[in-house]
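Both complexes below contain chain A, partnered by chain B and then by chain C.
Entry: the complex of A and B
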């Protein structure tokens, strides 16, 4: 049953992602991106990461994409018409790069299999079966995210806030009409 | 008395990050001041002066850390507490201080009425400090992004100029692309070793089981592509001439000197600390990068007629020399880098400072031929320019020579004779574009068709002090480098990780 759900959402995510990059209308494209993000949220839940799944829906599929759509509609980019999508050469290059990525994954898998399989290679770093569920039960779904974020990874967390401040200041300095 | 800081306690982390926290708070204060005093040109200069205060304070803290021998109690988590961090930070802070001094009058002259300039410069320095001082790939990446974002904006801060906007956009797009490669590389290295901590990566690799892991090799390759963009190594150098050309000249100098030095500091930290025992994974690739960067950077520079573009291509050639120091993969290479980075900062910012005095409107129109006969009218300015050019060339008697000498000896120390020969060859080629500048100034008659450059040169105030200090230091370090060399050697003392992990003395 679980496996069936996983395959369903994986297929939906891939199809939505494909439609997202092939639609000519910016609004349709953005809506397919929302669908992709929803499917990914479902996969997070399947991986016992419920909190990340909820955040994915709230922040990405919700807040960010609504803002995105709002800007697209505000600038009136939703209509069909002129497009800056590349012609057949650009599509061919993109296809070649995509095939390259798939080949890279395949090679990695081959190498892994030759060296005893992915599970054996990464056994040292893998949580035991069901460990995540047990930890969630003990500390709560948020606790297992919050504790490392605000203890072990406190420095990167704070640096990220500086990074975002720089981005905001930079955007205003470059783009505001009258300083 | 050595101070040990416990990096697992909040107080310890705050103390270890004191210079960065200080600069962040100070940059926020500057932003507030800039918001209140936006229209007043005098206030802009005051904000620049306050930025200097913050940078000097951070410098003092770094020197204090170094003097007191501050080190981590146990494993360095997230932020390193070693002499390489302190030495690198001092180089970046000196670069930033010189840039602020050059900018004080430049902004007014070029009518860049954006007081946030100085706050962004401080943020860029915070990013650099985190890059050079990271003990974890996550902090390193975030530092790099903080620096890059601030520098993208600084490159385009001349809002009325089309070329400046083009430079910013080009730099931003290619930089974002490079960050993608870098992040992918970091993810694959995490996949191969199960950690992002540099010391623990070295520990995971020390048993030799991961030497030929495909994940690790691809990760390191992508990491090198990302850093290749950031430090402008050929074949990832395409953005350099246009971006340096379009950016305001003090920022071009800042990018050529401090931003590049920060990229190299981060690269050396990864290569020596994390991968120092597994050189087979990366040494060949960096070897080739160094060779083609030295050859192509110097050859294309020969064809340049404009001074600013020539300096841009010369900075690519110098990235090649620094890559030679990286290739050795030893603490000796790291100390050669530290010394060369300091010297390179002085001569590059000095040269760009002079260029800023020579021209108007971004200075991209100043031709090398325009310098003809400058020595007759402005002997001191010509002398300073000659010193910078000779030092960039690596002429004996200047600090550039000593710097190159130590890179050569680091390369030869690991048996890289061919690389050393190519470095010397590259320097010989570079004489073909540095010497014409000097010949034009001293041996040619002034050209008639342009307005007289010697009358319009505008080198006053703090900029004059910057150029004079750079000249004096370059000559001083050229004849008496011992003290600074000792510091550079001390600066890479505890860079190798395994000694730290296994507890054996290096």
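Entry: the complex of A and C
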């Protein structure tokens, strides 16, 4: 049952992602990206990571994509089928890169099979079955993320936030001529 | 999970969904009636009073009228998105109520029903559609996607008024989501967890959060006005400037869906304010409503009914506050809305988090247990902060200004 739900959302995510990069209209593209983000959120929830799932919707679908739409609408890029696809040379390069990516994945798959398959490779990183659900039950969906973040990894967390602050200040300085 | 339990869960969930949907739909009709009659009351006129007793059936008549009206779609509109936008608005507004608990839990049951067979529910039946571990974060997430309906409606109609409304809506929603979420950080600090059931339990143990986090409530309340696009922040509609804003080009039932979504949002936000800051279904000054439900007796059912009545009463009161404010305060200018959101509400909420986090830490170091004294100690921290914000920000412009002006006149 759960597996069926997983396949449904994975298929939806891939189809939406494909439609996102092939639509001509920028608004349609953005909406398909929102659909992809929702499918990913559903997959996070299936993995017992409800907090990450809800953040995915809250931050990406709810805030960042609304800003995207805002800018697309403000610049009026939504309507006509303008495209930034380069001519035949560009398409050839894109095709070559795509083929290269597929070959790379195939080589990775072969290497992994030679070393005992996917399950054996990732066993060290996997929590025991149902462990995450038990921890969520005990500490709450926020607690299991917040406790390591604010105790064990406090310094990296704060450094990251300073980095983001620098980026925001930089953007304001660049965008505003007179402060 | 045994098949009987699964059946019990499905049965309980579908009944709850059906009942909540029906109650919200009827509530929307009632709230629209209250708005029309209430606005008439505030403006010293009569309001609709011809259809049914006291004009109660006016909205039913209007709904039927909407069904029979012609659907108009602008020639240059984007057909798919134009049809999808009202649905997105409607669904997002409906989803919000899923995590709000509306009464004390019912006792567990183990019965055999005709047609369905043997159904079991272990543990009390929580009176909430989905008891999600992410609690009010779900509400923030869903209310943040509610803006898509408005933005896409404005964009797809290919009309300049609708488009301006959509631009305003997206800027405003993004801006006010931040104080909305920041004010809830304090609630999280106090309650220690996000599910609304836990928050209600903590308020029953201490005091309602309107005392323990007064400023949070004020910030949240102001931000919800902007999130639901209600006056004084209904810049997306602003009929004086934009005809009807984002739904200018919509007619018949598509327009009605926006209308229903707006009032559903109003009811849900009122319910949320009641739940987060006024104890939800808690009956004040008593503890008999908090006992665990174990058996099916008259007392238990009476308790569930009473808590539900209290929840509806609180929700209705805040819905009335929305209506009251709408017909009292004039609309802000758009730059004033942005100014209020970014330069006033956001810094206050950030500072408030720091102050409340320190207060909680100090109280914990003092070894205070979570009872009513804990809540009152936090209230003592809140009183000067609220006074500072209200009188400091106002600077004699609104609160005292009106009185000073009237004194100067007389």
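In this text, the second predicted complex is superposed on the first by the 166 of 179 C-alpha atoms of A that agree within 3 Å, B and C clash if a C-alpha of one lies under 4 Å from a C-alpha of the other, contacts with A are read in each partner's own complex, and residues count from 1 in each chain.
Going forward, contacts are C-beta pairs under 8 Å (C-beta built on N, C-alpha and C of every residue); 3 or more make two chains touch, one makes a residue touch a chain.
Not measured: the values here are computed from a predicted model.
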Exercise for the section: Please work out whether A:136 is in contact with chain B alone, chain C alone, both, or neither, and reply first, second, both or neither. Expected result: second
Practice task
Would you check which partner chain A:159 touches, where first means chain B only, second means chain C only, and both and neither mean what they say?
Solution key: first
Exercise for the section: Scan A:67 for contacts with chain B and chain C and give back first, second, both or neither. Expected result: second
Practice task
Name the contact category of A:100: first (chain B only), second (chain C only), both, or neither.
Solution key: neither
Practice task
Using the touch definition from the top, say if A:108 reaches chain B (first), chain C (second), both or neither.
Solution key: first
Problem - Touching partner for A:90 - first (chain B), second (chain C), both, neither - result: neither
Exercise for the section: Please work out whether A:148 is in contact with chain B alone, chain C alone, both, or neither, and reply first, second, both or neither. Expected result: neither
Completion exercise
Per the touch rule above, chain B residues touching chain A in the complex are 10, 13, 17, 24, 28, 31, 38, 77-79, 113-114, 116, 119-120, 123, 126, 130, 136, 138-139, 142-143, 145-146, 149-150, 152-153, 156-157, 159, 168, 191, 194, 213-215, 218
Fill in the blank from the handout: The answer for chain C against chain A in the complex is residues 78, 81, 132-135, 137-138, 140-142, 144-145, 147-148, 151-152, 155, 163, 166-167, 170-171, 173-174, 177, 188, 192-195, 198
Practice task
Report the residues of chain A in contact with chain B in the complex, numbered from low to high.
Solution key: 104, 107-108, 111-112, 115, 121-122, 124-125, 152-156, 159-160, 162-163, 165-167, 169-170, 173-174, 179
Handout entry: Contact footprint of chain C on chain A as seen in their complex
Key = 27, 31, 34, 50-51, 53-55, 57-58, 61-63, 66-67, 69-70, 73-74, 78, 136, 140-143
